[in-house]
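What follows are several structures.
Across the two complexes that follow, chain A remains constant while its partner is chain B and subsequently chain C.
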Partner chain A sequence: MIILEDVHYAYDGVYPALRGVSLQIDDGESVAIMGTNGAGKTTLIKHLNGLLRPDRGRVFIDGVDTSTMSVAELSRIVGLVWQNPDHQLFLESVEKEVIFGLKNLGFSDEEARERCDVTLRDLGIEHLAQRSPFTLSGGERKRVTLACVLATEPRVLALDEPTIGQDALQKARLGAMLQAMNASGRTVIVVTHDVEFAVENFNRTIAMADGRIVADGPTRSVLSNDRVIEQCSLSPPQMTLTARALNRLFPDVPTRLAFVEEVESQIVRLLGGGE
Partner chain B sequence: MSFLEVFQYTRQDSVIHRLDPRSKFVFSGTCAAISLMFLQIVPLTILLFALIPLLAVAKSLGRWMRSMRGLLGLILFIMVFNTLFATVPHPLSYSIALTLRLIALMTSFSLFFLTVHPDDLSQALIQLHVKFEFAFAMSMAMRYVPTLAQEAYAIMDAQKARGVELDKGNLLRRIKNVIPIIVPLIVVSIRRALSVAESMESRGFGASENRTYLERLQFRRGDWAVVLVSLLLLASAVYIRYWLGLPAWMMWELPL
Partner chain C sequence: MALIEWHDFSFKYLGTESLALNKINLSIEAGEYVVITGPSGCGKTTLCRTINALVPQFHRGYIAGDVIVDSKNTREHSVAEMATTVGLVFQNPANQLVTLNVMRELAFGPENLGVPPDEIRERVEELISLFGLEDLRDKHPHEMSGGEQQRVALAATLALRPKILVADEPTSNLDPQSAEQILRFVADLNRQGMTVVLVEHRLDLVARDATRIVLMNEGSVVADGPPREVLTMDICRKIGVGVPKAVELYLRLAKRGIRLREVPLTSDEVARLVQEVVSAV
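Right, the complex of A and B next:
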């Protein structure tokens, strides 16, 4: 369980990034963190594994104050996947890259190798195992960094903008994979600007603006709230927009729909069909 | 590395900031030359006490003080090392003079770098007939130092999250730990260099032989005055040092 208590943080002590953030994320939740650039999203997730320590307030992971733990210790619990894969890749093959993190965290040679194989297969990049990370495309590099973290099987997985540079198919695959990880009991937290990705894959959304949480609740209700959408410079999910358009013609269609199936059943109903 | 701050441009408006970079360069060069000519406590102190008010005029005294505090470790090392090992009659006076010389030298150049915007510096070079490409490369290099620093921090964060413990282990382990930082830093820099080059070319870099400039530097009366004063200072310093010989009071030393 993750608890943040009135966390304040300012870069260099003068540029405020978080201005009093309190939240609780239970084990096994799936959470999207959304908001404008500079809202403090990345700063927030850096507090989860101790890379940043709050100036004021406290962060607890499983009831333990993070100020008493090292980044390496916290990384065993919270796996962070970064926005820019180039900031961490440095070895001569994808395989070595994945094994590097595992061995740092104390896994034996055999176990590291096995976990590496399994993870690469799960991500569909086993054919890249012997390639140099530097010769891969941006999207592939991103999946390699994801593999590096997934292989350590952290109980909490936090991803910073994982959908950038991924095509629609990869995005759908990533979504499915994160859902599967979540179904197996892990907490999945993702920072994203992608409204559709959030709607499809995450039950809860935390909306941030200007270093504060402006809304926190079920993704569907947060993203259909016009005030939140405006504060966070987002646009509502396409299905919500569709529902609103339908509602203008047929006032009995609810406006807070977010899923294709919901809109579909409304259209079927309007057409006089359905089971 | 906070002592390097003293070589970083400060966005201020002062008489010194408004001077032409070329005249400031002559002045800084003169002061540097003078600090290299003398190795006695008194003349170096005089020089230093002449430079400090100028820093105050340039509204950069605070930054200078911070840098000097950052330099304290090195200063102590110079003092202790020379006092113990120098083979001169008065090693303590000698090491004080060496320290003063280091500070005076840094202060001379800092007066230049604190008050010259990198763009003005490259413009000055161009007007001194340095090829635009070289001047541009230099100002680009200066421009990317903070970006590189930021990137290094991001990389350190990323590797820490993978269990690299940068501040643990023996010397060998620590040296090994630099590799996961330095390799991505180089790769990221090369990638950026390539993309910057592409974007520069797509904006017509090097398209015409005779480039024009929006702003040209101009030598004003104040600049001539600075150059004149600098040359007079240099001439009198050379005269005192090499023809006249230092008067006794300037040779004053501690009895140690």
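Right, the complex of A and C next:
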């Protein structure tokens, strides 16, 4: 369980990024963190593995105040995938990148090799194993950083904008993989601007603006709340907007729809068909 | 002659084994808004780099065929020479920001082109207000968030007043409203005559503004046409292109025998087209 208690943080002590954030994330939850650029989303997740320490307030992981724990200790619990893959990659092959992290966490050569193979296969990048990360496309590099962290099987997985540069297939595969990890009891936390990705894969959404939490609840309700949308520079999923547009013409169409299938069945109903 | 032309163009990066671009034949006319899309690693970014001559002048490798931009063969012109014609916004904004604050970043390009100081000042102020960069004016690019960097990189590119704007996923780091704002702005520039070539995975954001979608796969162009045509092609599903949900809805309805008069790209279009069908019953 993760608890943040009134966390404040300012870069260089002068640029405030978090202005009093309190939240609780239970084991096995799946949470999207969304909101305005510069709202403090990245700053927030960097507090989870101790890369940043609060100026004021406290962070607890499993009841332990993280100020007493090192980044190395925290990394065994919380795996963090950074937004910019270039800040995370430095070795000459994809395989070496993945194995490096595993060996650092104390895995044997054999075990590290096996986990590496499995993870690359799961992410559909086994054919890139011998390639230098620097010859890969942006989307591919992003998946390599993901592999490095997934291979360590952390109990809490925190990802910063994992969908950037990913095509629809990769995105669907990533979503399925995160759901599977979540179903196996891991906590999955993702920072994302992608409303469709959030609504399809995460039950809970925390919306932020200006260093504070503006809303925290079921993804569907957060993403259909106009006040929150406005304040956090979000936009509703296209099918929620479609449901609203239909509702203006046909008042009995509910406005809180989020998926194509839901809108489809409303249209079928409007045309007198039923299932 | 078109503004940008690829003639049987192929390219392979030094040290790699497969072609990044494989016999590209494509032409883009002045004033078009072309969205380039396709699976990750399909050659979109490389294609962008051929327009301002980064390929082959900076990125070396095997090359065949020609790219002619504004009547200049990119084999014979440096990236600097192409800079007044083509402005390229990189996928990763941090790789293109070079100075210590936003003011200097925006002035850097025009200064290098020898634009008079008064005009530079004017352009910089205009872009700062257009992109809402007032608060970032003195901030170091590396202290900015990813989304802020992306806005600055685009503004700095536009400060050169290029004929052609090439943008490689220019909104990938932006929150939905900022992304929409930037894309509205790009669409405005296009309406005012700027040729736009934009790489994007999230087609729901750009389909309504684009005049054309070019679909790439494994280094080749596999589909090319107006958005409503390309997005309903089977190949989109086959190679994993994310069509807008409105198009998905259209296709699902069609399968049930419910035909909307045209392919909708936005929520309002869906509502309008559904109303037509309902009132016809």
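Heads up, the rule we're going with is that the second predicted complex is superposed on the first by the 275 of 275 C-alpha atoms of A that agree within 3 Å, B and C clash if a C-alpha of one lies under 4 Å from a C-alpha of the other, contacts with A are read in each partner's own complex, and residues count from 1 in each chain.
Keep this in mind: contacts are C-beta pairs under 8 Å (C-beta built on N, C-alpha and C of every residue); 3 or more make two chains touch, one makes a residue touch a chain.
Remember, predicted model here, so these are calculated numbers, not experimental data.
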| item | value |
| --- | --- |
| Chain B versus chain C as contact partner of A:G175, first or second or both or neither | neither |
| Partner chain(s) touched by A:N84 [first = chain B, second = chain C, both, neither] | both |
| Which of chain B and chain C A:S75 touches, first, second, both or neither | first |
| Comparing the two partners chain B and chain C, which touches a greater set of residues in chain A | C |
| First, second, both or neither for A:C148, with chain B first and chain C second | first |
| Which of chain B and chain C A:A245 touches, first, second, both or neither | second |
| Chain B versus chain C as contact partner of A:N104, first or second or both or neither | first |
| Which of chain B and chain C A:P162 touches, first, second, both or neither | neither |
| Touching partner for A:L234 - first (chain B), second (chain C), both, neither | second |
| Shared chain A surface residues [contacts with chain B and with chain C] | 84, 86 |
| List of chain B residues in touch with chain A within their complex | 151, 154-155, 157-165, 179-180, 183-184, 187-188, 191 |
| Residues of chain A defined as touching chain C within the complex | 11, 15, 34-39, 42, 83-84, 86, 132, 135-140, 161, 164-172, 193-196, 232-235, 237-239, 241-242, 244-246, 248-250, 260-261, 263-264, 267-268, 270-273 |
| In the complex, chain C residues that touch chain A | 13, 15-16, 38-41, 45, 91-92, 94-95, 143-148, 169, 172-180, 201-202, 204, 239-246, 248-249, 252-253, 256, 258, 266-268, 270-271, 274-275, 277-278, 281 |
| Sites on chain A touched by chain B in the complex | 46, 49, 51, 70-72, 75, 79-80, 82, 84, 86-90, 100-101, 104-105, 134, 148 |
